[in-house]
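We just call them A, B, C, D, E and F in the order they show up, numbering each chain from 1.
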């Protein structure tokens, strides 16, 4: 496979992470997008992201499947099929993982724009026909940014800005037209600079945060919002599987801020840190306000078992002493 | 002024258009955006665009004012004030206009992203603090793409996708999170590959197209949608001024597809080609279905007078023989 | 029974199909509605339709039950009870079926308007009191109009027009105030003259087409829209029963166009042709774009078994060679 | 003109009102619609209605114009142009007016369905191609049904059923898919058997009744709902003109039930009886609860002047003694 | 415990019911709220209510739990914890129950306002800091007001006023800002002075009445509205438990007025009278229009068993002769 | 008049402010509401408030008119007519004003509940028939609470909670079912403990704050939200009159947060402090962020002129040095 990826002549792959851009591997420092690309001009970009455990990408097939579903919905046609997408992705991870220390992990990002818009280019020879701009790249999972989520728990805030409704764009596609989230984050940061935006939909239902699915624990079971207006999260899927294994009831249905405030626990579910406890909503404590309720612990322990490492310990640098101690 | 703009050492400004990027002028071929810029990752970009007439930017102050209003709303702070923004913009136009033939004109684009997101970068030294990425660039107005709009008139199509409501994001900001328009355009092109998407809002009111304001002519007056959910178009502002001068009633209020189908004329209002007639909506003819009704002609003639050139003639390569012939 | 139905003196029942109108059988050529009937003036008409297999009406009781539910909701009181309605209906089918060839089948229609509105009549003696206008009639199932649905599959299109919300009128009643569907169809035909309108509701959920329920196949199961805003289809009910028999998961919940585009299969469910495959939505292919996926085949085979004839073969004139060949 | 209208051989035009149906005049007793006409099957019918004063149709051109606007929106193409439509209409009124006493007046109705749907017909030879079914007919204005409106005033009721929103169908077209109004009327009659339904829109704004526009008098001016969701009433247009003549402020904007309850007066505006006072809403009195406030009187007097007869006196059989007595 | 409740010096607890107000027991005649309390000024009051069977409060813990959930959501902090709240409540019931005859029962009410708003007080010394005003009181269950509900059944009416949506306030909290219900009741009483308001939500779904949950019986099962927009009723919870015991299907999902009109039975579920049959909706009969269908009877019998008395018999003064006679 | 007001025997009107309660004057310390009053139980209370300037109530007739409009809409019938309401109100102000120092002013509050709900009373003799509970009272305008509004300006915050829509309750009535505002305030205080909630409506339009109307200054004119969803403020009315006098454009139309962020000035308009500048919205500065822009100054000066005192000076204790210094 590596022979098929032609590097630019002056790149030094041994010293710098690689990026797959359009049709080849380039060093990260040379990976950039033209100012007249539809990704810049329209935010017309589909994307996906997974991460590694022990330097192996987690559920890569599921992420690539979702990437192709996003592509199909937006009619931006990937330049090649799922198999080759997976092959290049694994190659990239293999290469870039060599450049990071063993305790560190990689995020693996796929994104694809609708391509360059020739009529916006100042350069005469730009091809008129649009061809998608595909990019696959990695970056180290920023564990240090997540530590407080496991010690204090997350603080979610519901700003006045609402999530896009499906009449406008379907939140089931992972795309990059997210100015509304940027706007919502500005409001959230008025409440708490570390606050995480929890978007409501136009009807006042809880949806998701900018970077994660959201769920609550109620009567001992996990409840996630209905599928209408949220990303089909792979972490959420993993949690639903773990719930089945652990005999924890799992359900998807609409709920509202009342349910969050009166939940036993609340959770963020996301690729970079899998699951974290939510301890506050709009400044009010959830449950007893302590990070790490019993359902969180059972889930994170089971997930740690599945991937063969102590997920929270790796993030915080402090091995977890969980109820099922020894297992992770 | 030109002394203040430091060019990269190897650029050849005499042969290539320049782009102002972040804090300096660079040749167009070197202007690109990092893959971990918020413009790419979130579509968190505000923008504006004007064009030249006789190589002089049209209503540049109004466009820069709107750009600063977008910036204030999104809390992305421009690196310098309106005056310097205007100064650099004029400098850029002066330089780049020298490279195009006299009959051609320039589009002048401003865009500013929320900046690079360090945690997405694979490169160790990326600064943690976000600083907006400002870019000012030009490209030739693609007249050839507009010719048919003046001979056949535009065909607008209302797809099932709706415009974002103000609860999610305010359409009064000119931003680049426009995946919903991309999606809408895919539907539109099923009806007519040259069709132009006319977005309805969630309540079924007519709003705007991807690239222009929209208005109808009813009982001899111009009616544009209410301000709630559309860009505060400078071309629309110009038309409202021309209406006042020409004693044509002008009004902004909600209307629906019924009103478009039964209008006397319909118009697109936009920077690149100022005004064009709309002759069809969802495949049905508007008025007599001919491009160029009387109100359109009076407005385009007055606008041509104002800028001292035959706007349609310049686009189509055929000087207009309008009712006020000789004046433009 | 036939003795109870008094025919008009000059009708020739042996040569012409009969229609039950108001209180008697009349020849089809004499069956018409006054121009001042509420069915014409208001569209205040409830209706139902079944068809025959081997000249026997399919699930007639279920259709008559739904007809009475529609009547109760609209407070248009049928002139007699369910039993007599069924008796007349069977009598009518028996008579009219004799006039068609054995390979042909009949559609059996019930409709009932709110009655004649005396104040709209130009004729002095019109009774002031409204009495419902009941009509029961048949017509041959137009098989030739359905053939392409089984060879190419249906192409569904989501126009900008939305389905009525339950605040205005409940789609669970089968009624004839369907101008919005006519309007929607005009838009659909701009995309594809053979396109079938798939109406979205005000929230962007998929509902139904003008003449059928709609369902998708996802993860091997059949998913139909939630009951809120669609007809309680007897074909849909049949499919849910067949799913139970065949051990195919069946569920009703909200879904959106994204789900249709990424479905494995999609189906129309309707009285005249039972089930047909949907292969395109808004011009994009569903699954592999071929008519007749595995779930469709299992369902249509089971349905064929149930009614003792090859449903698709009868429509297309070409006997199906299905996976359960020999059974139908 | 009359020579161009071919009557059926056995009609006796001298004794019976005529109806123009499809392409010819027929006696009223023979005017009926096939049970497989789209007007019956879908409610796909556009319509209009005017009335006579002194046996001359009032603002016939305006009504025909609106009829053609409805036709254009629904894409049901009238079989001939406005002029001929007017000519036939006048011919019909002339003929039918001869059959009523001088003190009586005629309603003149135009309606046009999308045509017969061949596939619903049991009769073999039905043409496949749809051709609109046009019908023009008259009936005596039922004055006796309106008397109480001028002695007691109307009682409007806002039921739970809402008016169709423009996303589904535009209320600016006069069409006959009005089952929701039938349903709403059932609720209204629970409050008052003579109550008149005043439909709210989905946002709680006042729209119109089943058969009339609605307006209130506030601070001495007339306020009608905004144009978004109501018929473009010719009576309303007349009132707006009379307001201008009488120097009564006139405005169209959204208002709610609060405004109706606290209005000085309220009015129904409609072709059959022009204007009538509304004295109750949901059982509560408006103003002093007396029929015929000062603005009503000024308007009805001015309208009476315009048409040269005492409008209310003709309806009630009791000549009005109005403030401008002697003028009408 | 009774020693801890300090009575005002002049109260005569033996002769008058007590009320717990703020921090002490007072005689009912002295229990009142300051005119500048937030309960008066804002309706900022959370509440709950249970009743006794045989003078013992029914599911007091569940009611207190819900009261604390309401308190948490509104951030009005109760002055003490659940245990003490229960203790005082039981003490109060014990005392007040002694003053009523054995066949009578007590309603037990908890309410807590946000406290006195000093800036509204005319009295100088009012403390600036708000402290919640807690009140616990009882009153005899007014059985005579319920009798007709069991003989004729309830008549529910859906007025034009809609229930608050969760974007504004969550109906899951039991609060006292219910002017909209007052308004709705005014409309309902136009239909039937004894009518009970059944509120629809903004989307036309059935929610609840002013004082009870609502459910229908469909295909032998009980269907209650989805949890989104209704109180989490303890009576509804009891019914769901009884359904499980009796093997009656129980489900919560959205339904509409159509479903009510075509239901087999309909039920009100509420603390004071547990369950009553609904026999009419908007003037139309439900099922056969008789009070007391089979599912109602099974549920009320089982509930009577659970509490050891004949619930309906106690209310109506006539012991029930139910299908499971002898058991209650 | 004072003879008609019978005081309770032990009140000392000379030393304590009076309150008019139900049908008589009582000392403020004895003014309280029964715990079973509809004002407590349902929030079914209409209200109004004015204040004095130089101890004379401002626009009392306008406030009483609005109070009667609220009463008419809610069908809570005041016990006497407008004239007597005004008479008692003036009497009360005269009495209570004697008890405050000259530099202080009074707020005058009217409120009226739907009356006591007998079935909630524990006391046997409570009358069954509901009679409205009317209360008129005063309290000193709390100037000290407003000082910072004139030095720093107000900070308005738009929380996630939305204003009630008119389908549920019309904001044009001044009522006391305002739990949603309490909830919204809890969110606002997370951003800024002194923040003032600016409620958005369900469509994202700006409406009003809990205690004031809101307006912006745009292009030199004052723009207030459209009347649909806000109180018909007397202060807003005053401002519209002052605008006319001062030749400042004044308009009511929908606007959104974008318009607030980009306004030249923003204003709160309310009885207690008339007008105050708004300098921040959601943490972002409006205009230059200074309290007291030119339009504010012109309006407050003109208002001060009208009432003959320096409004801001009285509040802050520091006489204003305004542009029209000397006039106030």
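Operating definition for what follows: a contact is a pair of C-beta atoms (placed from the backbone, for glycine too) under 8 Å apart; a residue touches a chain by one contact, two chains touch by 3 or more.
If you're wondering where the values come from, they're calculated on a predicted model, not measured in any experiment.
*Asks:* Enumerate, in label order, the chains that touch chain E and chain F alike.
*Replies:* A, D
*Asks:* Which chain's centre, taken as the mean of its Cα atoms, is farthest from the centre of chain A?
*Replies:* Between chain A and every other chain, the largest centroid distance is to D.
*Asks:* Counting only C-alpha atoms to place each centre, which chain is farthest from chain B?
*Replies:* Max centre-to-centre separation from chain B belongs to E.
*Asks:* Which integer distance in Å separates the CA centroid of chain C from that of chain F?
*Replies:* Once rounded, the distance between the two centres reads 59 Å.
*Asks:* Measuring centre to centre with CA averages, how many angstrom lie between chain A and chain E?
*Replies:* 45
*Asks:* What's the distance between the Cα centroids of chain D and chain E, rounded to whole Å?
*Replies:* Averaging C-alpha atoms per chain gives centres 48 Å apart.
*Asks:* Once you find the CA centre of chain C and the CA centre of chain D, what distance in Å lies between them?
*Replies:* Using C-alpha averages as centres, the distance is 33 Å.
*Asks:* Out of chain F, which residues touch more than one other chain, so two or more?
*Replies:* Those would be 73, 75, 160, 162, 165, 167-168, 186, 200, 202, 204, 257.
*Asks:* Report the complete set of touching chain pairs.
*Replies:* Going through each pair of chains, those in contact are A-B, A-C, A-E, A-F, B-C, B-D, B-F, C-D, C-E, D-E, D-F, E-F.
*Asks:* Show which residues of chain E lie in contact with chain C when the two form their complex.
*Replies:* 200, 202-205, 253-259, 261-262, 284
*Asks:* Considering the complex alone, what residue numbers of chain A touch chain F?
*Replies:* Chain A reaches chain F through residues 157-160, 162, 186-187, 190-192, 200, 202, 204, 257, 282-283.
*Asks:* Within their complex, state which residues of chain C touch chain E.
*Replies:* Going through chain C, the ones touching chain E are 69, 72-73, 75, 165-168, 170, 172-173, 226-228.
*Asks:* Please name which positions on chain C make contact with chain D in the complex.
*Replies:* Residues of chain C touching chain D: 16-17, 19, 21, 28-29, 31-45, 73-75, 96, 107, 109, 111, 114, 119-123, 135, 137-140, 142, 145, 160-165, 167-169, 175-183, 186, 202.
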